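Look for chain A in each of the two complexes below; its partner is chain B in the first and chain C in the second.
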Partner chain A sequence: MRLVASQVGALALRSVTRTARQPASAIPPILFPVSLMLVNAAGLDASTRLPGFPTDSFLAFALAVPFIQGALFSTMNAGTDLARDIQNGFLNRLALTSMRGSALLAGQLGGIVVLGLVQAVVYLVVGLAAGVDFASGPLGVLVLLAFAALVSIGFGALGCFLALRTGSGEAIQGLFPFLFVFLFLSSMNAPRDLIGVDWFRFVATINPVSYLIECVRSLIIVGWDVQAIALGFGFAGAIGLVSLALAAGALKERLART
Partner chain B sequence: MSERPNSIEVEGLVREFKKGPRAVDGIDLRVEPGEIYGFLGPNGAGKSTTVLMLTTLLPPTAGTARVGGYDVVRDGPKVRTVIGAALQEAALDPLLTGRDHLRLQSTLQGIARGDRKARSAELLERVGLSEAADRKVGGYSGGMKRRLDLALALVHRPRLLFLDEPTTGLDPQSRTALWEEVARLAREDGVTVFLTTQYLEEADVLANRVGIIDHGRIVAEGTPRALKAQIGRPTVEAEPAEGVDQARVEAALARFGELVGGSHHHNGIAVRLREGVTGLADVVRALDAEGLAVENLTLHAPSLDDVFLAKTGRSLEGAGDDGGGTEP
Partner chain C sequence: MRIWDVASGVAFRTLKNVATTPAILIPSIMFPLFFFTAFAGGLSQVSRVPGFDYEPGYTTFQFCFVLIQSAAFGGVFTGFGIARDFESGFARRLLLASPNRTGIVLGYALAAAVRWVFTAIVLTVVALAVGMNVFGGPLDVFGMYALALLINLAGILWASGVAMRFRTMQAGPVMQMPVFLILFVAPVYVPLPLLTGWIEGVATLNPLTYVLEAGRSMLAGDEVHVAWAFSIALGLVGGFALWSLRGLRRAEAAG
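Now for the complex of A and B:
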């Protein structure tokens, strides 16, 4: 058990080290969502005057989006890194050690969780520095970080699954815009009950990403909305379980070792 | 586990790929403890596929293999604890340093925390990378990457070492340094080495025994000296100055021994001298008497390439380009 823990830790450390040493892959997941949030906050601030809008600060409303957007970047980074390991034979090097497939997957995801938490802290600091009040207080911050970790696992495992299935970093990057569609077809820019277009409201309602965003949003602007939090954790957990199962199956298939 | 903990025993090993030929077609071989076994063959002959099966990374389609006393199919995890491997591509992370790699590898191999630093330093020193240890691997030369790859394969003190074309693309100096290290491992540490190569010289210099593989089958096996002795006599190869003289040169040479199918040069005609090296003067006189001009006349002492030529009818150089087996 101790050996497995140290193996997982070593792989997670490798993942973090790699990211830290290539700013071109570390900075965009932080910079892009923050920039988009600030642009949206400036341009859509008038939305807060709509009857029933849950807050008078669009920045507070929009702050939830980077958390999910950053996790989507994690999907791409995790997948691209693993695909590169497959392409250059590094996965074979790992397969030749005594470590189990589950430890290998956990190690990959460990690094993604650490990076996901770093991103979450940055978003949080930017939001607080811009004057956002965190309605659920310090405990809510801890819940938010736990949620960010869970979302990172789910999306990271999805990235690993795609990498293990395709074995190609280019394929992962090609799929990335498709994943972003889920974000744009969610309640990222307006509460679902205020979306005027019927089909959009329907899609946003069946889109799990809406519930992930609403969980974070509720912690920031509402406080302790048990239903939103439960739905968020529920969907994040479900995405995590499905993604992990898919990734574990794909890893078993990819590692044909005896 | 068998009583031969450092040996490799293979019987009837087969690997078929979907919609492809048999990459490995029923090979039998035995590598003794502490021996350096050279697995020689052209590209696509089945060398790497064999290594992948013996290192547990690819299940065989049929046959059995025991590595370090363990069955590669039933005891995969146990096999992995006793082997080290440097596969065809030096699979390194360009963003990590040499020391990072060794730290990671020693953790994954279960080396005790207190021993990791010392073991890493020892291996870096052994492969001559101490000074470059804290540089990112992306800036290493091909030789440095190969040496780091070897160090990584040795982290957990394996009893058996698999090296898949370890010197491909290296300059002569790096190649010699690697040969010395591999020889030292077998001689001083008793490590059994299974080495694939397409370089004749490498197999000749380094290996105690050589297996020659072609189209997934072992076509010859033995010590380099014994294999060359099978061929016995030297060959002389003449390259006619004029293409029209090809048949006449062939007829003249045929008087001095058996013609060898295939030759080292494109237009060359080779004959294995019946009288040994003393027959060379007679060959020259005969060509002169017939008024045949040759562009090159070369005497070849028996080499492993001659063994390959004798067994397959082709020279090893370029033999991989004829649509042979498939390397993964």
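Now for the complex of A and C:
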């Protein structure tokens, strides 16, 4: 047990250090969602005048989006890093050691969770500095950070699965637009009951990303909406479990090939 | 004659690369469609905001933005290819072999235009299929596409200038981010009079605001700022042509 813990610790430290040493990997997941949120919040502020819009501040409404957008970047980071390990033979060398597959995945995801939490704190600080009131209070902030960690694990594991299946960083980058479809076709810019186009509202309703966004959004603008929080954690947990199972299976196959 | 030989050769090679590489071709078509779907579909209720006054409807309102955006990014995406050509060493061989090097820039610009026309056709067909209204006449519609083509040209000239100065794919964000920012600080979601706060001031100063408003007005058959928008677009093309040609000279000097 202690051996596995030390393996996880070493690989997590390597993952964090590697991300920190690559500003091109660490900075865009933080800056890009924040700038997009600020621009969208300014441009869409008029939509808070729609009857039934849940808040009078679009920034408070939009603040949930960077959390999920940042998690999508986690998928790319986790996937690209692991794909690079496969391409440069690091995984093959690890396979010759006593390292356990679970330690590799946990270590990789440990680094992603750290990045996810740093991102979440930055988004929170930006939101608070811009005058957003956090309706669920300090305890809600803690719940939000726990949720950010869970979502990072889920999307990070998905990135690991894609990397283990394809073994190519370029393929991971190429999949990025397709992951973004889930964000675009969600309730990111409007509450689902205010989406006027029927098919879009249907797609947003069956899209799990809508529930991830609505969980964060409820903590910010509503307070303690148990249903939204339960759905958010439920979907995040389910994504995490499925992704981890897929990643573990793909890792077993990848290690058997080496 | 020599300039055309070089330009057509570079354009043909660039287009062949795009057409035979799905990883390059698909995102440049899919991204505008994603944006169009997300904005026109997810935000359609924004047209009910008091003071929103655009007769053809929100789908048409967003179509114009996404068309201009696809034009600008069509140029930027082609710029990524130029950077890749420098990284792989192909561009250096091209510089050595070309009897007229200005033709290289012209060739990339030609390829960007053809590539964008393909994207614009797909986008227009999808927009018409989901109920976009066009109230402007044929001349208005032609004017809007001509305006977008000039933005495409400005986009590739900007991106090629960056690519030829940095000569690495790592310059991608330098090509992309300013274009992204200038597009999104225009009146993307609502008309200019409905913007408030800092973005109202920035959008008023943003030259692309007038290009966007002119394009939308032409689709509505109620033209505003058209001469001003064409002057801005031509000014951008002229300025970035100089930027690009000076970048070419830098690349030549770097050897």
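Here is the rule we go by: the second predicted complex is superposed on the first by the 256 of 258 C-alpha atoms of A that agree within 3 Å, B and C clash if a C-alpha of one lies under 4 Å from a C-alpha of the other, contacts with A are read in each partner's own complex, and residues count from 1 in each chain.
Note that in this section contacts are C-beta pairs under 8 Å (C-beta built on N, C-alpha and C of every residue); 3 or more make two chains touch, one makes a residue touch a chain.
Just so you know, these numbers come straight off a predicted model, no measurement behind them.
In this overlay on chain A, chain B fits alongside chain C without clashing. Of the two partner chains placed around the shared chain by superposition, neither chain B nor chain C is touched by A:A5. Contacts of A:V181 after superposition: chain C is touched, whereas chain B is not reached.
Contacts of A:V125 after superposition on the shared chain: neither chain B nor chain C is touched. Rounded to the nearest 10, the angle made at the CA centre of chain A by the CA centres of chain B and chain C in the overlaid structures is 90 degrees. Of the two partner chains placed by the overlay, only chain C lies in contact with A:A46; chain B stays clear of it.
Contacts of A:L241 after superposition: neither chain B nor chain C is touched. In the superposed pair of complexes, A:F200 makes contact with chain C only, with no contact to chain B. For the pair chain B and chain C, the model built by superposing on chain A gives 17 Å as the shortest CA-CA distance. Residue overlap on chain A between its contacts with chain B in one complex and with chain C in the other: absent.
Remark: chain B residues 55-59, 72-74, 76-77, 79-81, 83, 85, 87-89, 91-93, 95-96, 100, 103-105, 107-110, 113, 136, 152 touch chain A in the complex. If you check the complex, the residues on chain A that touch chain C are 24, 28, 35-36, 39-40, 42-47, 49-50, 170, 174, 177, 180-181, 184-185, 187-190, 194-197, 199-200, 204. On the side of chain C, the complex with chain A involves touching residues 23, 26-27, 30-31, 34-35, 37-46, 48-52, 170, 173, 181, 184-185, 187-190, 194-199. Chain A makes touch with chain B in their complex at residues 3, 6-7, 9-11, 13-14, 17-18, 21-22, 85, 88-90, 92-99, 256-258.
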